[in-house]
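Pasting the structures in now, so scroll down.
The same chain A turns up in both complexes below, where it pairs with chain B and then with chain C.
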Partner chain A sequence: MSAEAAIERRRTRRLTHFLAQNVGLVLALAMLVMAVVLYGAAYWIEQTALPGMFELTSTVNNTMALVLCGMGQAFVVVTRGLDLSVGGVMDLANALAAVHIKDSVGSMVGWSLAILAIGALLGLVNGLLVAVGRLQPILVTLATLSIYQGLAIRVLPQPGGSIPPVYSSVLVNPNWPTALVYVLVVALIWYAFRRSSLGVSIFALGNDEQAARANGIDTVRAQIAAFTLSGLMSAAAGLFLAATATAGDATTGNGFTLSSIVAVVLGGMNLFGGRGSGVGVIAGAFVTTMIVNILFFSNIDPLYQSFYEGLFLVIAVVLGALISRLMRRRSR
Partner chain B sequence: MSEGPATASGPTAPAIEGIKLSRAFGGVQALAGASFSARRGEVHALVGENGAGKSTLIKILGGRLRADAGEVRLAGGTVELDSPDAAHRHGVWTVFQELTLLPWMTVAENLLIRREPRGAFRLIDRARMAKEADAVLAGLGIHNIDPRGLVEDLSLAQQQIVEIVRVIVQDPDILLLDEPTSSLGENEVEWLFGLIRDLSSRNKCIIFTSHRWKEITDVADRITIFRNGGELGTFTEIDENRAVTLMTGQQVDALYPERPALEAARPLLEARALNGPGVSGVSLTLRRGEILGVGGLAGHGHRELFFSLFGAAPTTGGEILVNESKVRISNPHDAIGLGIALVPEDRKTEGLILPMSVGTNLTLAILPQLSALGVIRGGHEGRAALNMVGKLKIRTPGLRNPVHQLSGGNQQKVLLARWLLADSHIVLLYDVTRGVDVATKHEIYELMTSLAREGRAVLFYSSDAEELAHLSHRVLVMREGRIAAELAAPGITAEDIVSAAVREATSIVG
Partner chain C sequence: MTGQFTRRGALGLGAAGLISAGAAGGVLLSPRLASAAPDKKFKIALSNSFIGNKWRIEMENVFKAALQMEPFKSEVEGSWFNSGNDVSKQSQQISNLIAKKVDAIVVNAASPTGLNGILTQATERGIVVVSFDNVVTAPSVLKVNTDQVAFGKQLAEFLVKKMNGKGNVIMVTGVAGTTVDEDRNKGAEAVWAQHPDIKVVNRYTGMWDSATAERNTAAILPSLPQIDGIWCQGGTDGVLKAFISAKRPLPPTAGEAENGFRKFMLGYMDHKVDGLSIGQPPFLSVISLELARRILANKYPKKDITIPFPFVTNDTVKQGETVFEKLPDSFFTDFTDAGPNATVKLCVEAATDGKACSGELNVNLPSA
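Here is the complex of A and B:
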């Protein structure tokens, strides 16, 4: 084969390459489109109207917390780890916000930053135990999950406290889908992360720890950074949760540990590390919310909601695996 | 450090020296006070059996491992090479034996890792990265590797080439290569040796290890022989028999055993017009007591052929006959049931369960026979396994030790022994001697001929044409998925095999 022909063939393969390398992302986006269509249909059947601005706003506002903690989970999953303490960090952030954030700008900004810093610190503790202590991520974060939940209860023993209305309307404006801006910011964070040295290190670690080290990458630092980022994002998720509820509850974050993993999986990320896209995870988070909405409009007994959610998850994962296998075989 | 020879310096000093280097792993002394030196402008080969300490030496010189004792000197001055980065700062770069590529990242990302071109906001510019990688590959005469593709999708040979390119572009002063040719075909080896000669003509120092004697004598200016963690001397001129004697510490009369006599026996395995991905219209007949070689350049369908005969790769047409009756092999379980065994090249991922014990790995294929009501009877397992360990001279501390503790050659023997235990009559050997030291190679050859003598049939592919020429009754040369030539003993030469293989063939480089 001549060099020119080889180059030509290479060009035509570029799209196939992109698709094959980003199967997860493409599938997650496709799933999101499908979920939106289904939701629209269910909504129309029930209300004989199409969902409008109100529905968009409430969907985005309701999904923000999952988008953030899902992205945090994604950083850890890329390293081939799992962060079960996500829910605990959210609980603590939520409780601290409800107790401490007062009506002044100084308090709102100051405490928000402080809570984010505390979240990062909690993540750092996970990272140090895993990377320096050489312990299993699941064990470490299972233990710290309980510890962080305990601290949250200590800060806010009973549901209560309050979130200033201004704070709520800045984060989750009930009238306009301004939170879409935050979704965009999260996507940009991923975009920049993927093109930074830290991103290369964390992805390399997830590809093959030995090989990463042979390439001179500080894998210990990368692992610590991934958990720290996860803590930071989870704390941000906790703030959004508090803003949505306008009050605090030290247990509302609990369910997010598992749903952050669901968002990561639906987002097409590989749980064995090294592969996946944060943009897919954002889509995954929205799909998770949309499923609940679709079930609501389909008049499904709320008692069976988790049954259908699980069913949907299994179908999505199986289909995703089949399609990605087909696409990869094609591209070879 | 007061010991050792007086420190020389200036242009006459060796480019790199290891002085009385020692390193132990657990209880095993991998290097025991080995010394070694190489000059600028020379190509220096390290030879020795697996476990002689070559790889350990390379890792120490490359900053990947620290020595327990001894020192490393560069141009006469002692240096601390405590990390690959430290070695890189001194211009010492290594192509390690185990690949250090990141499988789910693109070729470009791998080639330029930690040196990525930056664009706005200091973010990595991916488009420019792909272009730079394109230029690097093209500049080295490589056209069939797409920098935008994932490393995972490359063949082993292509991955090895990327690994080499990654180091070459750093313009190393001292280049260390640990068995760089073990997964390369003839053309790729020529390409690599071209690069090596170019580097040495530019006064760089190149140190490499290989088990292929012909390559060593082709490209090396000097040879240092290792045994049991120590060096036995450096030679500019040494013949293979003397080298083998030094390496093994014993006389190996002839590396290749004599072919067993071939009687006009009935065919045991036949393929008729076999088609599948990578294989087109392959027909072959393998008789009882026969050693049938398959040769050709890497990536021309041998692997697919072997795996489809074993039911591990799909076929789209043609038929397979065992004992002259048509059979259906749709998975390895079928194949094993028909008495077909496969020993693949990549024993780590395709044959052995590394963390499990030698004993369990040996008896994996005969578990049903050893089990009562689904529970494995431990005593039987042990006895059967122990027999084989003795018969094949598998060097293992015990049956309970995990397989990954064994050297490569011995792992290969464990896999062979498994199929002997399973009483397989048709043995498919896929490049089993790649990366295996000369003494173990000899034992594997002996084993192959004894299999044939027992009336079993051996089909074997090798990337080493010499091996095919010396051991096979017949050699089939594959090119682009077809049988391009058939050569019959006596009178097969490695040159015949290679020339039949390269005719009109394309390769990764060139």
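Here is the complex of A and C:
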């Protein structure tokens, strides 16, 4: 056998190995590309034009909150947990922002940082209860979800308050898709996390807690950190939600608990922990928005829209699971 | 600008890059359809949040029916969308409506504030936006509604009169966090405050849904003392059925416009109730449609509209007109206004199936 052929075979093997390792991410990106193409096609048929700058801007602006809280959820899912309090943290961040952020730079920066800190603190509480209290993540966060929602209603009993226009246009500029920068930042945060020792220990914890501990990884610390990061990202999501709305409503975050899980699943993350990519989750978040767009432009009877949305999700998840199983078997 | 964004997007994320490429392509390849032909129809879209109860379905049905009747049939190209109670989704749908270059958007919002950003963008682009039922707070958006505080007050005052200002009341409230729910409760509380002998012994939500109201009432009734009055925002027939199952007498009841409640006012399931039935009219969608049409045709000023409530008591409730023996209990019987000064008159098929009624549809907006 010639040396070249051997190198060639090693190369293909390495590629299949990479695909098998990152099958979730690859599938999520493929799904997003498909969704964008479908959207473009449906849009063309309706409008005889392609989506333009306005469509791009509004899609990115409307998806930002889900990108952020999906990423937060991802940190916890990697540890083999679930954070149901995501929506509650967003509610509270949203309410605090609408009540307190005023028109001065000091207020905007100061309160944003304070709200992020509060979000991290709420996440820390979850983390402590789960890791130190040795309680089930679902039970803990289900309870704290209600508590955080209650706090949010206390801060802003009726929808109202306001967000300075400058603040909104820095976060979600209505005229230019500048929010793409934040998408990039979130992706970079993920890569930085993945390479950090914290990232390594959180992934190790999700893969096999006992093995991680045997290898000297502080699993308690890792779990607390994952929940804290989730709280931080959810608070950021709440800020973006308030900025897009230009006002506050202490209940609009509620739905994000479920949609953050949807984004994580569509993003190809393994709910049993230890596997997946945050970039896939970003793609998953955009896929959910794209599904809304596709159904809109394909003139489906609105009464059946949620039916088709669910159908889309089921097909995506089943296909994803089948393909990834197939690829893993092959790479073995 | 576009090129730069394409590059940045492609770096960050293939997806975003693709959308940008679409953006660039959109600018380069496709001249938009020429607009503003003189006899062009107005594009008016309804953006509704959740569709999970009968009221919302009727609201959409009468909207569809109106679109098939003159003058709307020849002047308006209508469409309708539901998003569920999901602010991001409704916001995204409204962005799509802007992209579709509609002339007007009629909206029943998932949040009074959550859509302000996108709706303001719509009005800045010259789109007429009319919100109704769950109205929004954005100043540039027109509001069509009934006075919900008056609703709560009127119901409470009826009970005060029937109870001679003394006794135990339960309050069955609506969907928490909505302005409608808050305003109605506020109206009732203002009346209770003036009558200290009236005691609100319990207050729970019926979610404006007969089944939920019945379930919640059944769960809570055993713990309650004698009830002398029922104040109910929605799901009234469910509350009464729970009373009957618990073998409790039916006290004077002030409630919504459910067909079942009105059947009880005439005598139903061997029980009769003394009641006041006021409805939030589902035809608010039609009034909003008409307002949008007239504004687009330059026939009406851009201003908010408050319409009076259609209501019936035991003296005025009438079979075949304001209560329907053959229709289900959860049907909302206030799909049409009645009388010489009616805001709008619709047939029952419009509400049940979204079918056109015979003749033209005249909507009497308050004089401009």
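In this section, the second predicted complex is superposed on the first by the 319 of 332 C-alpha atoms of A that agree within 3 Å, B and C clash if a C-alpha of one lies under 4 Å from a C-alpha of the other, contacts with A are read in each partner's own complex, and residues count from 1 in each chain.
The working rule: a contact is a pair of C-beta atoms (placed from the backbone, for glycine too) under 8 Å apart; a residue touches a chain by one contact, two chains touch by 3 or more.
From a predicted model like this one, the values you see are computed outputs, not experimental measurements.
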Fit or clash between chain C and chain B when superposed on chain A: fit
Which of chain B and chain C A:Q47 touches, first, second, both or neither: second
Greater chain A contact set [chain C / chain B]: C
Partner chain in contact with A:N215 - chain B first, chain C second, else both or neither: first
Touched partner set for A:G274, first chain B, second chain C, both or neither: first
Partner chain(s) touched by A:D83 [first = chain B, second = chain C, both, neither]: neither
Cα-centre angle that chain B and chain C span when viewed from chain A, reported as a multiple of 10 degrees: 130
First, second, both or neither for A:D91, with chain B first and chain C second: neither
Touched partner set for A:G255, first chain B, second chain C, both or neither: second
Touching partner for A:V200 - first (chain B), second (chain C), both, neither: first
First, second, both or neither for A:A192, with chain B first and chain C second: first
Closest approach of chain C to chain B (Cα atoms, Å): 19
Chain B and chain C footprints on chain A, overlapping residues: none
Parts of chain A lying in touch with chain B, wherever the complex brings them together: 1, 3, 6, 10, 13-14, 17, 20-21, 192, 195-197, 200, 203-204, 207-208, 210-212, 214-217, 274-275, 331-332
In the complex with chain A, residue positions of chain C that touch it: 1-2, 5, 8-9, 11-16, 18-20, 22-23, 25-27, 29-30, 32-33, 48, 51, 80-89, 91-93, 95-96, 98-100, 110-118, 120-121, 137-138, 177, 179, 182
Footprint of chain A on chain B - complex, ascending: 64, 83-85, 88, 96, 98-106, 109, 113-114, 116, 121-124, 126, 138, 143-144, 146, 148-150, 153, 506
Complex contact set, residues of chain A against chain C: 29, 32-33, 36-37, 40, 43, 46-56, 58-60, 62-63, 65-66, 98, 153, 158-161, 168, 172, 174, 176-177, 180-181, 183-184, 187, 241, 243-252, 255, 259, 279, 282-283, 286, 289, 292-293, 296-297, 302-303, 305-306
